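The first chain written gets the first letter, and so on, giving A, B and C; residue counts start at 1 in each chain.
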């Protein structure tokens, strides 16, 4: 594809992308083909498909996937497309079934995806040829991922590399406490560029910046890094950064990951407005260390782990200029959501922050559409975004 | 057009269409050119344009047609486009006029389409050259059809073939009792595929299936066919199937048609929830025979005739992924809509059924957009849909 | 661009445009490139950017411009695009700033457009290279225009030519009394074609036609022209037509303009429903002359000046089939909007007229989309529209 190659070649390193990457339908289709149809995508948590017959359907762009637990409690991922005339079988979100029955003509699939019955199809019809299309699936710490690709990257390094850091939080035994979607009228890359840097936190997020040392530049962060390197282990939490970046050589064949803990400012035990707890301590965590862990699970899924709750961030393209930013809050599974968890206080910070981000990202989209837009240089505080862009261009050029 | 030909050639017989036919803008433009701009389209009933000066405008895709009755009570069909600067002259639906006056600059046309006056056009202006563009028109049993083509297929066989079957219902002397539009976010072909088969009736339409033997497979229907073959004639209604399919050789030059009567289940006199009448018997019908006639008037217009009312189905493409499904209910013209007709009970069945269809058709559209969609085999219960697809591909390949 | 040339060549003189000009995305992009990115565009009035730090941002298609007054009270026009990652800096409309601070990462520009500070950009970063992009700006009678082109046409002839006619109204010392936007689902050219002719006034605007002699044909207008040629000078107002058309040779290098005063019908002192005044007399105007002046300021901005208020018309394309028609009412700057101005009566006429225009223009758009649309001949009463089309085709063919 020559013109795409030309676009990639003219890109100045460590500068924002040229206009076409944010507007062009053809580029968007390449983004889907080379990124979203290849990478691991977070679908749901094991607590959402706990029982035999439980199903969780997740829609992305024009695709839809069903994650289903069968009678043997095995998980499967299927394309949510009936083999008869293509109807969606399940609606997005959670549902529960004895069989997967297409609502159109009642073709009936087993929980393992086999076509069990199709009424009135005549003698020559061979059911065996019409099972649901199977997709790749991985589970880690209760988080369930799928890939639309036949041979996605390996999850081995990620699983090994994050095991020790995440163990104390017992994430497999958490549950969803709340779920919000912020539809953002912008290309998905502007949303990810925004998510991957905290250069904008100071100007744009006074709520976040009041409590999270991440908003500081590297130099000023150092003193807080020293604080957390003591406080976290005292609470049983690792403060040791691990992982490799999406531009690391290993990321060519393995899903990248990272774990890093940073300090909240004085007086903040967790990510609430007043700093006070919002839920019971996670897993085996012994105390509020006043910290937060940034975690990447592959290229497109991120966690922020406080001592008492987790926020998962998922970014779902809907069209070239529309992206859903989703926030999913998890607490320990035995917490009573009515008595033990203050959902309003727990969700406050990331709702206000994401609403502010929606606004600045949409302004960014409008701006890059101008003929006066010229890709500008990223700041040293935007290195993750620089890596993201580098990775993106590399993926696209394949 | 090579790529369209390639698409058509790779189509597997008796399988649903490949994805492009449901999504592609270029295919949609061909659909308009080769189907909707050629076939006979139902516009309105004679009762809606009964008097001199009555006009009915019908919009489809980017086109609009006016059916107008002139002072000699002749009907005309005109393109609803002023010859000055192109403005629409009449708004969609019914209206009444002494002259057809464009609301923009008051160019004034006679009811026969001649330009009568155009203010201030100078001396050289020749009114005779600016009459409204005339379209082909046919009336049958009071139903008025137009074609945007200069030489549409002949209506002769249809008129002769259906005359005897429809006479008893005296459809020319009916009137509109109700009119509903269900905007469906799907390609028009998915809407027609749905309409043309009752394989989905069992799973998707419990209300319809409670009363209509059409939901049964051929074998189980046989006993009900025997019942109606006695009950219908006893009420003066034909139970004799007539007509030819849209894939019949005759359909190359003549508008196809069919008439067929089938039984309602025991206790149902008409298509109401409780089976009891909803309006006075149509025409010369002598009794409730507990039956319903499926009628096709050309390729795109369908009737369902109960003993006491008629439902007309019209499908109007609005864009590649948007189609209006319209339902129009008719009762005998001398019925008092307030006293003799129970509109709520009359419209109940086909409103619930069409709302359910909207949902499954929209799921179908979403599904066929997936890259995991693969055209699947139709059931023997979907033969009309198979014919529809065959006809469609034939038309498109011309 | 061959196919565009072919389209232009097949255009019949003094006939409406062929369909493609009103529908086609590629033509629309040419319209933006060759018209809106080149011509002078009205942004705001000096009263809206009176103080140092005042800013007015105007959005058009995918572009946005900021007009800013600096500490030395000089006006500047900048592309509203941050040089970092392209975010819009100011929101559309009026605002006030000490510095122009991008809300995303706080890059901070002086009121003269220089980049003053950009946090954390490293040592090699050269601020001087990242000033805001400067656009051309002109002010005339307090009306501020910008051009996105480097070398737009000259404003000299316009300034000289209109000075004497407009002086009495003291337009620089007016202020905005009201502002309405009528979003019209039609191509911008259909909106301008409508604005540029009064052939439709009789049929479509009974309110306007009750009071404005412009609705008459040339011959009938003559007697009213004689009336105003006496009444206007008696009130200190010029009734002398001046200017040159957009198809005049001079318009190749200079912004065209015109000024012409015409009579209101008997009993009308200004453009109100009952003809009575709605605001204090403008500038040095001595009496109600029962007249109105049509003024063109360049190719795309128009004024209608009554004795006591001014209406400015701006037309902003939003997409190929969507155009905003804006009305901005001005009164003398020392008028008390609560006591001296009757805003409801002042805005009545042009709101009802523009709402009616929206309807007929949208009907026009629907009509030209039909395959039965054929460009028709303009009337001698549509000469300004004929000129507009001629100018448009000339611009597009360059």
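Rule of thumb we're sticking to: a contact is a pair of C-beta atoms (placed from the backbone, for glycine too) under 8 Å apart; a residue touches a chain by one contact, two chains touch by 3 or more.
All values derive from a computational prediction rather than experimental measurement.
Participant: Rounded to the nearest 5 degrees, how far is chain B rotated relative to chain C when their C-alpha atoms are superposed?
Facilitator: Copies differ by a rotation of 120 degrees.
Participant: Same or different interface residues for chain A and chain B, judged by whether over half of the residue numbers are used by both?
Facilitator: Different residues, largely: of all residue numbers at this interface, under half are found in both copies.
Participant: Can you compute the centre-to-centre distance for chain A and chain B, using the mean CA position of each chain? Integer Å is fine.
Facilitator: Once rounded, the distance between the two centres reads 48 Å.
Participant: Two or more other chains in contact with one residue: find those residues in chain B.
Facilitator: Chain B, residues with two or more chain partners: not present.
Participant: Show which residues of chain A lie in contact with chain B when the two form their complex.
Facilitator: It comes out as residues 37, 62-64, 79-88, 101-106, 118-122, 125, 130, 133, 148.
Participant: Please output the residues of chain B touching chain A within their complex, sorted ascending.
Facilitator: Contact set of chain B toward chain A: 16, 193, 199-200, 202-204, 217, 360, 363-364, 366-381.
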